[in-house]
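After this come two complexes, each holding chain A, first together with chain B and then together with chain C.
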Partner chain A sequence: MSAPMDFNIPTCERSTLKEKIKMAHRLGYKAVAINIFIPELTQTSKKKKSQQQPTWKSFRQLTRISATLADVQHNFVMSTDIVQQYDLVAVQPTTDKTFYQACTALNVDIITLDVTEKLPFKLKRTTINAAVQRGIKFEFQYSPAIRDSTLRKYFIANAQQFVFCDKGKNIILTSGCEKAMELRGPYDVANLGSLLNLNAAQSKAAVTLNCEALLKHSESRRLNKSVSKVEKLEEIPGNETWLLDKLRVHSSLESVNGGSRDIAGIHGIDSSDEETSVDGPAAKKIKLVQT
Partner chain B sequence: MAASMNDVLNTGKLVFERSSFKNEKENHKMTILNQYFNHTVQLLLPGTEDLPADMDTLLIQEASFLVREVPLSFFLNEEFIEGFVKSGLMQALSVGTCVDNENCIALLPTGVLLLSVCTDTYQDIGLEGRPSEWPNKHVIEIDLTDKNFRSGNKLHARTKSCFNERWTLKWDFLVNWTPKDPKICSTSIQNYFKHQNIVCNRLKFTKHVQKHKQLMVPTFCPDSFECSGKQIMQSGDCGERPCDQYEVFEWLGACALGVEMTGNGVGDYISNYTCPSPNTTVPAAVCASYSSMFSSHTIQLLMEKLRDFMQTKDQRWCSVTVHGFMDAPVAWRRDHGFHSNGDNLYTFVLFQNGDYWQIRALGPQDNCV
Partner chain C sequence: MVRFKNRYIVCKLEFGCRVTLPDLTQDAVYRAIATELQVLHGDYGTACARKYPNLTVQYLNPSTNLVMVRCSRDQCKQIQSCLPFVKKIGEVDVFLHTLHLAGTIRSCMKFIVRYHKSQLPLLMSECRNPVERKKVQEMLTDSCADSGRTLGLLERSTTSQ
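For the complex of A and B:
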């Protein structure tokens, strides 16, 4: 489902946040991520706050954490559980070295490129390609451009520079709004892409498809490089019970294996950008049984 | 570093045709009959004081219904197929589904159940289909009127198991049925739904009529259209260079929106659009707009009534615009997508001598036939 999503709604005081989420829902977004921004990475134990928000059917609310990367040595904090438990992890590099580290080594989903000033480092195609290979997307926020005219210049300049290096394939456009009035509808944001030299399909993908791919990437990041996921038989959702008949292990094999029923419930993950198809082991099992 | 804008977004196409109703090879019927899902009809009759009663009744009495919570397995019902799909023009369109983001369902009057699904859903449900003309969507077409499509048939069994087990979501539909036999009332579809315990309510139509006094209308004639940069008729009985089809189309749209064109044009803040010149003033005109779900059959009848009206009254020209649903998965028998807009509307400008102008406006993800 390529539904439009906005992955950067900064957290703030309760009532303003509620207003922003309501506005996002009215404008037609199907998923939002509420962002907690950490200016410096220190060894604090930040527990993930679960906030009661207004809820609607088919409107997902995710959590996201962003941090600025100033120094290469302190970035090990990004790999700790406290940070990784969030739905989306974003970093904003400020120097050449941190940008390189974020693209090649760090376990993150989004790399934010600052729009409030001229890019402090040079963008290299090889580094960007390394990030693209790993499924990381680059984010540009448009709300600063709405707020101020100097920021507007930097937004367009930085984004165009990036698109020139990357050919416009791995961008997401998010809001980063401080007030509900700074949110714009998904089709308007997609049109903004034409200012950044993205073609029609790429600009729409920046709001829909790339965000979709990012969700799958974040799921795989939390599962730590897995190819299959094991679920108990009782927990399989209703519309997939037909799978049980097809995958039933033969009775003689069952007695040999000691009747471990969990094996019959192997469930494949949807293919994401970087993972291979899951059906390999399960398909082989079926072949064995039927011959 | 400033870079130029290389790819300008394509926001749609305008297709213009000029022909005559008397011409035997006309394709105006194809345009009307192949556009199944029509949402709004707008009439503009300059020189008339009141909307003719027969056209008004025809549009008001359109029997369209909104049904809620219908599972897809309902469409495979033998009774439904024999009783409604095969014995009339049955059409249904899913409500509240965006054609670019979500799965859309449509039952075409030709008897084909069309599922416009996202790639993920297509891989999940396992029915055979083809990639859509527009990205990230697949189209599954199931011909319900096929004589082989009944129990015992493999495709039927597979479709049935899919709708009963794997894809059991329920949808809201807009439904319209025109029976072949004129003695049967088209509201019997409502009784059928009620029998099946499905909520079925008559769709409320909205009607907006605006009567003008002393309206300025542009001067044009059947030959005053522009083609390949040149205007076919430079002057004629119209006097100076008459208005071309773009100016007329824009003016028709402005009228339909109710734009104020009486100001002097230049200094106004809200709008400085004025009627294109040369223009004349007619003593009265009526502009009517009806919104509901209209079948192509109704539009065809309306067109015939309009032609009769043109011949009986001394009218120079009149126009009718029909808008299709923006979220319909099919327009003029081709796949319809929604990139930044989903326009699929057509306008007929009818002239006194039987000529007409046909202007079709399509969105960026539309191919016309």
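For the complex of A and C:
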């Protein structure tokens, strides 16, 4: 399975969190997101948590914030810097209006649909499509289903309802575990997809590909609106030749990594795309630099 | 020619804290899976698991906690969907981590031997003294031999039929 990820490991006391992270690594997840849950949106300042120990190679630990949306008026908080600095931003709408707002207007990555009770609002295909076009994924947590039999029924019911509206392409399955023992391996989580009317490819995508897409979406969300400028290497003015050195280092690193789609990639340089120059004696790669 | 097609699922029993590992029997694991099947898929699921090839736990390695479950190919999806919901086996907090799915016992055993070999360096790095290391090594070689022996036994039993 290509890079399975679990994007909802709620914070708790340090030792339990450590256990959860260890278990996630043992089960084969390549990235996890540690979730801070805010039940009510108020103007409190939440400090971004530093990366938890222990750390491993090829195991990303991201930060995530989730909030329940109760009232349409208060949701401007989601656009503040304090919230947007997190790697992943998730919301859980509770009413029709907040669901519509989350899908069309709010700057979020994930919309969590509650699995602990009957969905309080009706899912409309048009609203969901609006979110899908913006790259937002819909999340269902499976740990409540493992804990309790009633919650299991709501998990299956709500998720099936969503899959019916959406054809099962934009769903991610995450844990939301309270203990390390509520985590399940990525293959097992993908098997839950068969309960939700997802086919085999969609179930696997729910754990792997959709999560990768989310990471890219979150990066683009944080970079905001930007302008790209393409320049030929020969035409760079004198006072900007320091760029050449920086680019050369970057391109050599790329060749070492095999130009991989490694998500744990090289940060620091705000560049996104690559374009090879057609002219020029030594065809060097030009990076699009975002200003 | 009608052939009964099987699916063999290799799972690892994951305990939380690894201080004391309780001994579990094949029977206990089977009962746990069957109970979950009854809860999730009801009488229909349980009935499907009773016809040949029925749901059985074919192999359990108590020292490395590997389990091999057999089910019919038609019911494989159903069984796999109820495996994540297994929380306890007897009184012990345990969950099943699916490692491999195959159509033959031979393929599963080959995987088990490969898996044991790959686990050896990981376990060795956690051992603190040469005595522990020797113990772990012996245990794993025994497990590999055990898998081979089980494979041999099963092969002989199927050819004798």
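To be clear about the criterion, the second predicted complex is superposed on the first by the 220 of 291 C-alpha atoms of A that agree within 3 Å, B and C clash if a C-alpha of one lies under 4 Å from a C-alpha of the other, contacts with A are read in each partner's own complex, and residues count from 1 in each chain.
What we mean here is this: a contact is a pair of C-beta atoms (placed from the backbone, for glycine too) under 8 Å apart; a residue touches a chain by one contact, two chains touch by 3 or more.
It should be emphasised that the depicted structure is a prediction, and the values quoted were computed from it without experimental measurement.
Of the two partner chains placed around the shared chain by superposition, neither chain B nor chain C is touched by A:D71. Judged by the touch definition given at the top, the superposed model places A:N197 against chain B, while chain C stays out of reach. In the superposed model, A:E19 makes contact with chain C only, not with chain B.
Using the contact criterion defined above for the overlaid structures, shared-chain residue A:R152 touches chain C, although it does not reach chain B.
Once chain A of one complex is fitted onto chain A of the other, the partner contacts of A:Y187 extend to both chain B and chain C. Touch criterion met: A:L27 reaches chain C, while chain B stays clear of it. Counting residues of chain A touched by each partner, chain B versus chain C, the larger count belongs to B.
Of the two partner chains, chain B is the only one that A:Q160 touches; chain C does not reach it. Residues 187, 191, 194-195 of chain A are contacted both by chain B in one complex and by chain C in the other.
Of all residues in chain C, only 14, 16, 39-40, 77, 80-81, 83-85, 87, 93, 95-98 touch chain A in the complex they form.
Of all residues in chain B, those touching chain A in their complex are 1-3, 5-10, 100-102, 118, 120-121, 135-136, 161, 165-168, 339-340, 364. Remark: chain A residues 1-4, 30, 157, 160-161, 164, 187, 190-191, 194-195, 197-201, 203-204, 208-209, 239, 241-242, 270 touch chain B in the complex. Interface of chain A with chain C (complex): residues 19, 23, 26-27, 142, 145-146, 149, 152, 179-181, 184-185, 187-189, 191-192, 194-195.
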